[in-house]
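Listed next: structures, encoded as structure tokens.
You will see two complexes here that share chain A, one where it goes with chain B and one where it goes with chain C.
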Partner chain A sequence: MKFSIKRTAFVNSLNIVSRAISSKTTIPILTGLKIVATKDGLILTGSNADISIETRIKASNADNKLAIASTGSIVLPARFFSSIVKKLPQDTMTLDVTDNFQTRITSGSSSFDINGLDPTNYPHLPEIDSDDSITLSGDIFKEIIQQTVIAVSDQESRPILNGVHFVLSDNQLVAVATDSHRLSQRKVKIDDSDKSFDFIIPGDSLVELSRMIKEHQDIQMRISENQVLFTLDETSFYSRLLEGNYPDTSRLIPTTSSTTLQFEAPVLLSAIERASLLSHESRNNVVKFTLKPSQKIATISGNSPDVGKVEENLQPDSMDGEDLTISYNPDYMKDALRSFGKTMINISFTSPLRPFTLVPTEEKENFVQLITPVRTF
Partner chain B sequence: MKFSIKRTAFVNSLNIVSRAISSKTTIPILTGLKIVATKDGLILTGSNADISIETRIKASNADNKLAIASTGSIVLPARFFSSIVKKLPQDTMTLDVTDNFQTRITSGSSSFDINGLDPTNYPHLPEIDSDDSITLSGDIFKEIIQQTVIAVSDQESRPILNGVHFVLSDNQLVAVATDSHRLSQRKVKIDDSDKSFDFIIPGDSLVELSRMIKEHQDIQMRISENQVLFTLDETSFYSRLLEGNYPDTSRLIPTTSSTTLQFEAPVLLSAIERASLLSHESRNNVVKFTLKPSQKIATISGNSPDVGKVEENLQPDSMDGEDLTISYNPDYMKDALRSFGKTMINISFTSPLRPFTLVPTEEKENFVQLITPVRTF
Partner chain C sequence: MPKIHALSSVLADQIAAGEVVERPASVVKELVENSIDAKSSEIDITIQESGLQSIQVIDNGIGIEHDDVKNAFKRHATSKITDREDLFQVRSLGFRGEALPSIASVADVDIKTSTGGEGTNLHIKGGKLTDEEPSEARRGTDITVKDLFFNTPARLKYMKSPSTELSKITDIVYRLAIGHPKISFSLIHNRRELLRTSGRGDVQQVIGAIYGIQCVRKMIPFKGQNDDFKISGYVSLPELTRASRNYISVILNGRAINNQAISQAILHGYGSKLMVGRYPIAVINIHADPLLIDANVHPTKQDVRISKETELSNLISDNIYQVLSKQNLIPDALHRNHAVKPRYNNISQLNMNLNQVSDHYSRKTSSSDYHNDSSSVQLNSDQAIANDTNLKQSPISENYHLPKTVIIHSKSDLKQPDLNRFQSYFQNEHDVLPFDNEKSNQQNELNHNHANQSGRFPDLNYVGQIRNTYLIAEGSDGMYILDQHAAQERVNYEYYRQQIGQVSNDEQKLLVPIILDYSAADTFKINDRMEILNSVGINLEPFGKNSFIVRQHPTWFASGQEEDTIKEMIDWVLTRGKISVADFRAKTAIMMSCKRAIKAHQHLDSRQARSLIQHLKTCEDPFNCPHGRPVLVHFTTNDLQRMFKRIQDPHHSNSY
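This part shows the complex of A and B:
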């Protein structure tokens, strides 16, 4: 196997598959990057226990300046190999595999010989039998990920909660995540789809996927029994699915409310950020809303005998309903508020110990953040 | 004590004194920031075992929008207080110390009450009796620090080597640092000074000082028996001096050479960076020069049986003298080369086991980096 290539094009593809490669894995060959050269171009692969990424560099694309002198394959130590490629002196580089998986990398007057690994020992990528492919807008799917993944549990006690639950039916995709303290649910219309799916993707996989989605890029999704495959142009992203039944979350979201507040999300976020400076110094990370719609008083406060206290008068755009005092974890509130960007939101409370919801004032059916308050008495 | 102030001006001064404040100190009051309000303005102080920083905010400077309502002093938890000030909602803020060192910070509708500490327990700053002050160009002193501090030892076995040795005599300031594997020496002319000093400043203090020096800023230096005081406009920077005798380094620098190389520093730096990628993966972090001036051959190479090998033909601007093969720690070489910026340098070797030197081709008497090679046979 021997080829030469434009170094920046190669680095771009190395960076993509490197997302799946961990130096901490217990399976030595998975610290490697697999390179296959065919007469059509290169295929690079990286993998870990959860995700695998494969990307192609086409010889037919003149920008890649890819010249395949001989075909073949090799596995190279990913981190070390990437750092070499990034530091090479010239715009082009040559990679040449000789005996015993020895690989020579040359560029200008610089020459590296590194020890490769036998590519036949590299695990095969999952096979996705399904021909059913769903096309999604990358922009919207990225938004869905960013809005829901904040509520994914990072505890190992209930593994099923480490994923986002997707249900596709009736031309609608519902994504929901909860760590049992908070919940995020987003709905989008999927045009022209009579398919039904129910699957759970690990939150970590989704975060990596979202980082790969470029603006205005369409993505194709295919589901098998225990794997999902996303195709983004020249790149295939595989993730395992979580097995088991996701809890029924539909009844957790309250449908009535006794007190409501309306805010520009960033305005409330700034106030919460200030209040959390104090709560973070205290043992119980809690801040309190005191809402008195009749007197047009809304305050946020925190108190920690060791450190001090904070109080701020809030100026909601509107406030209605009954008087209420409610305490909550400000970090959950910050995550939730950030997920709304700059939109106007409604916050609806029922009682001091019942979960409250945040929804955008427009299209309120399609997005909800739910937070369970903290009992402080 | 009560004052109001423009928040950005206050934050600038907080950032300056915060450099001296560590949250890891075993003396609780030193995690605090001392604020003194006089009718002339504010004095902020931060301190740790090695350095103390005091900075003034003048009421006479209208840009500060400083209004002192009542004078006094307080010590506030530095990290927590700074994070509050930085997050406050309005351009101005008010600080008001009430009973029991309780301090109220207000800005717009936001109000924090935090627990302060008794300022009478805050340690006094060192007293510098000396009236002898030396004025230095901040730009040049910053350069001296950056060029020498790389060779300061980070080992605790010989504390005297944790500092930079300064000798002022005959209108010349000589700065030297060595960790016994490498040495850096810089000389500058000090005009109009008949003074003589010999002192050692901890490398860590110098790094903090260098970060505070603004472009084209003059600094005044005053020395006492065990302290040095640098004055930078409104800021006083105190550092303890290291006690003891610095080793005589003057005879370590070779005066003859048998092989010389000339390079643009950045060109050689790139080649060393590539070679060190491989040496860092191996147990002995060593790269090798093979120099054959008669054949115009100069190569850099590294070899690690576990990982691979690297070789690169170097193109020095000139090369003279005897053939030589010499091995060294590439990290020392990288630090040394970076200290020259973009200048042309001469590298002079005497033998494979004797230290070699790097000097700029211009003003070569004023700056030298010395590196001890590694025995590999």
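This part shows the complex of A and C:
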């Protein structure tokens, strides 16, 4: 196998695939990067136990300056290989596999010989035979991920909560995540789809995926029993699915409310950030809302016996309902507020010990953040 | 012919011997305990070939009447208890009436005994009386056990190496000697004397005979009592440790016992002063009403059931903690004991010179061993200007350690005026300022409390930093080197240890509740202890037969570890029966104090260093970091002078 290629194009693809390669693995060959050269171009593959990424560099694209002298395949140690490629002196580089998987990388006057591994030992990527593919707008999917992944649990004792639960039915995709302290739910209309799916994608995989989605890029999603495949142009992203039954979250979201507040999300966010400055120092990470709609008073306070206390009068855009005092973990509130960006939101409370919700004032149905309060004594 | 029949008495004895007479050490234990029960004041134990060839125990006790001797070798024959009530108030070491017949059934026993008149000599082999004749009229008993296990080859085959068997024998004799300091013991193996105690009632002298004079010097006495128990004993300073628990001797009413809870209580008393995997040398004598004790658990009587065991454990822990917390625990840089194994090698020689040595020691100690003493001595001579109070105090503080070394020969010695003075000294212990210097004298009246603290921890004057890691400081009695990381770690630990327990009661609600499954047995226990769990913020609701549901948890739980933390806390309660948030999070406190302390290789300017030393001084336990490593070491002025040959090394071994 021998080819030469424009280095920047190669580095770009290398960076994509490297996301899936970890230096710690029980199968040594997975620390490597698989390169396959065909007549049509190169296929780069990286994988760890959870995700696998495969990307193609087409010979037909003149920008790549890809010239394949002979086809074949090789697995190279990813850590060394990518740092070598990034440091090479010239714009183009040549890779030549000789006997015993010895690989020579040359660029200008520089030449490296590194030991490769037998590509036949590289695990096969999962096969997804399903033809049902759903096309999503990359922008929207990225948004879904960013809005839900904050609530994904990192609790290892309940692995099912480490993922985002997707349900596709009746032309609607619902994504839910909860770590049992808070919950995020996002609904999106999917046109031209009469299929129904129910699956859980690990939060970590989604974070990696969202970093790969470029602006205005459509993505195809295909589901098999325990794998999901996302196709983004030349790149395929495989992730394992979490197995098990996700708790039924539909009952958890309250439908009624006794007190409501309306806020500009960034305004409330900065107030919460101020109030949590002290609570973070404290043994008890809690801030308190005191709401008196009748007197148009809304205060947020934090108390840390070691350091001091903070109190701030809030200026909600509107406030209705009964008087209420409620405490909660400000970190959950901050995460939730950040996910709204610069929109107007409604916060609805039912009682000091019941979860409360945050929804945007527009499209209330489609996005909800739910937070459980802290019971204070 | 019937198939079921009663076994012959010899066979029955041999079966009983399987439990009572496990190895030569058991024979020694049983015979010596008999001698102790016979009110002997002198017991000589002579052993050949680790006891397999012969064990001879000679005492000067009350002896056995001629008519009783044969009965003594009958099964369940004893003079020690008579009726049922006695069984629950056993004041003697033995009471089962099993030892002698059991030993006689598996060995060749020769007993000569006399109550003062004409004696009796019996010879019993394999449980059969072979010879009976009169013997001399020396009061006491002389019993020789030969050819142990000659008729039970299976047992003989399982004997360990002679040195192991010997160490078991010495171990049991040591423990008995510690429990009975008023009895003079001697232990001779193959004509080599392994132990000789004076029988003067001084436990410290016994410890000296066993562990060596070096160790005794690093052991401190403690005593205490509550309504049910009276405890006294000696524990080693945290710098003197061993790699195993075998050096913890627990004597309960004169009986050497193994009790996990009590050993644990001793370790608890040390708190964080011990390094991981190191154990102290400790000797503890417990006196309790026999009613509280059930020794009738196992024929060897090493396992004892104690009522009110928790109270006893707390008493022990508290007293050890108290006594250690008063000590200046700064290890001496030059005299640190690096030894991992005990110095038994020249113990016999030590024994011979013991009286000499201990005299020597009591004179020497004030000048060179304990630096706090030496300081006051030097101050005495150096500071002619010392004020009145100082002059009064110094002679007393010079005698600080004398009570440990003074040997009382008879009861009348107890009334010596010296002793009264020591006693009064101990009662006024807190008023003494071993680290007196001019400054603290001036402050003395102004700030009494502060001066009290300085009694334990020296006033240090910061000199400089070495390698950006160690701080050098000067005290009135020499040079101190501090480890800056360990010092701040200790300071932080004392802070966080408190802080970490003071969590708020706030409870984070759960959206998806946690369900915990337990076995039926655990479920009962958990239900029993529900209140304890509620008190630390864990509210379990029954959920089905053996499951509990948790709907909220305390806010201090680390995110992502809620379920594990709850499980861990429940396990903690199941095993220990109690829990406090501070105890549960002690490890976190140690970790926090380590992480938030300045590291080695960090430059400190003199202000920072001084403030660190000031903070360290206010610590409850400034001598070790929470992991047990020393915070500071000490070079006495003498050490420094000796290192530079300003004064000559005295001509003795490393004993001082």
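Simple rule for what comes next: the second predicted complex is superposed on the first by the 377 of 377 C-alpha atoms of A that agree within 3 Å, B and C clash if a C-alpha of one lies under 4 Å from a C-alpha of the other, contacts with A are read in each partner's own complex, and residues count from 1 in each chain.
Here is the rule we use: a contact is a pair of C-beta atoms (placed from the backbone, for glycine too) under 8 Å apart; a residue touches a chain by one contact, two chains touch by 3 or more.
Bear in mind the structure is a predicted one, so any value in this text is a computation, not a measurement.
Novice: Have a look at where A:P355 lands relative to chain B and chain C in the superposition and call it first, second, both or neither.
Specialist: second
Novice: Which partner chains sit in contact with A:V307 here, chain B, chain C, both or neither? Use first/second/both/neither.
Specialist: first
Novice: Just to be sure I read the superposition right, which of the two partners does A:R274 touch: chain B = first, chain C = second, or both, or neither?
Specialist: The answer is first: A:R274 touches chain B but not chain C.
Novice: Going by the contact rule set out at the top, does A:V188 touch chain B (first), chain C (second), both, or neither?
Specialist: So A:V188 meets neither chain B nor chain C here.
Novice: Should A:K87 be classified as contacting the first partner (chain B), the second (chain C), both, or neither?
Specialist: In the superposition, A:K87 contacts chain B only.
Novice: Return the residues of chain A at which the contacts from chain B and from chain C coincide.
Specialist: none
Novice: Could you list, by residue number, the parts of chain B that touch chain A in their complex?
Specialist: 77, 80, 83-84, 87-89, 102, 109-115, 270-271, 273-274, 277-278, 281, 306-315
Novice: Looking at the complex, which residues from chain C come into contact with chain A?
Specialist: Touching chain A from chain C are residues 499-500, 502-514, 552, 555-556, 559-564.
Novice: Which of the residues in chain A end up touching chain C in this complex?
Specialist: 153-158, 161, 178-183, 247, 252, 283-286, 327, 329, 353, 355, 370, 372-377
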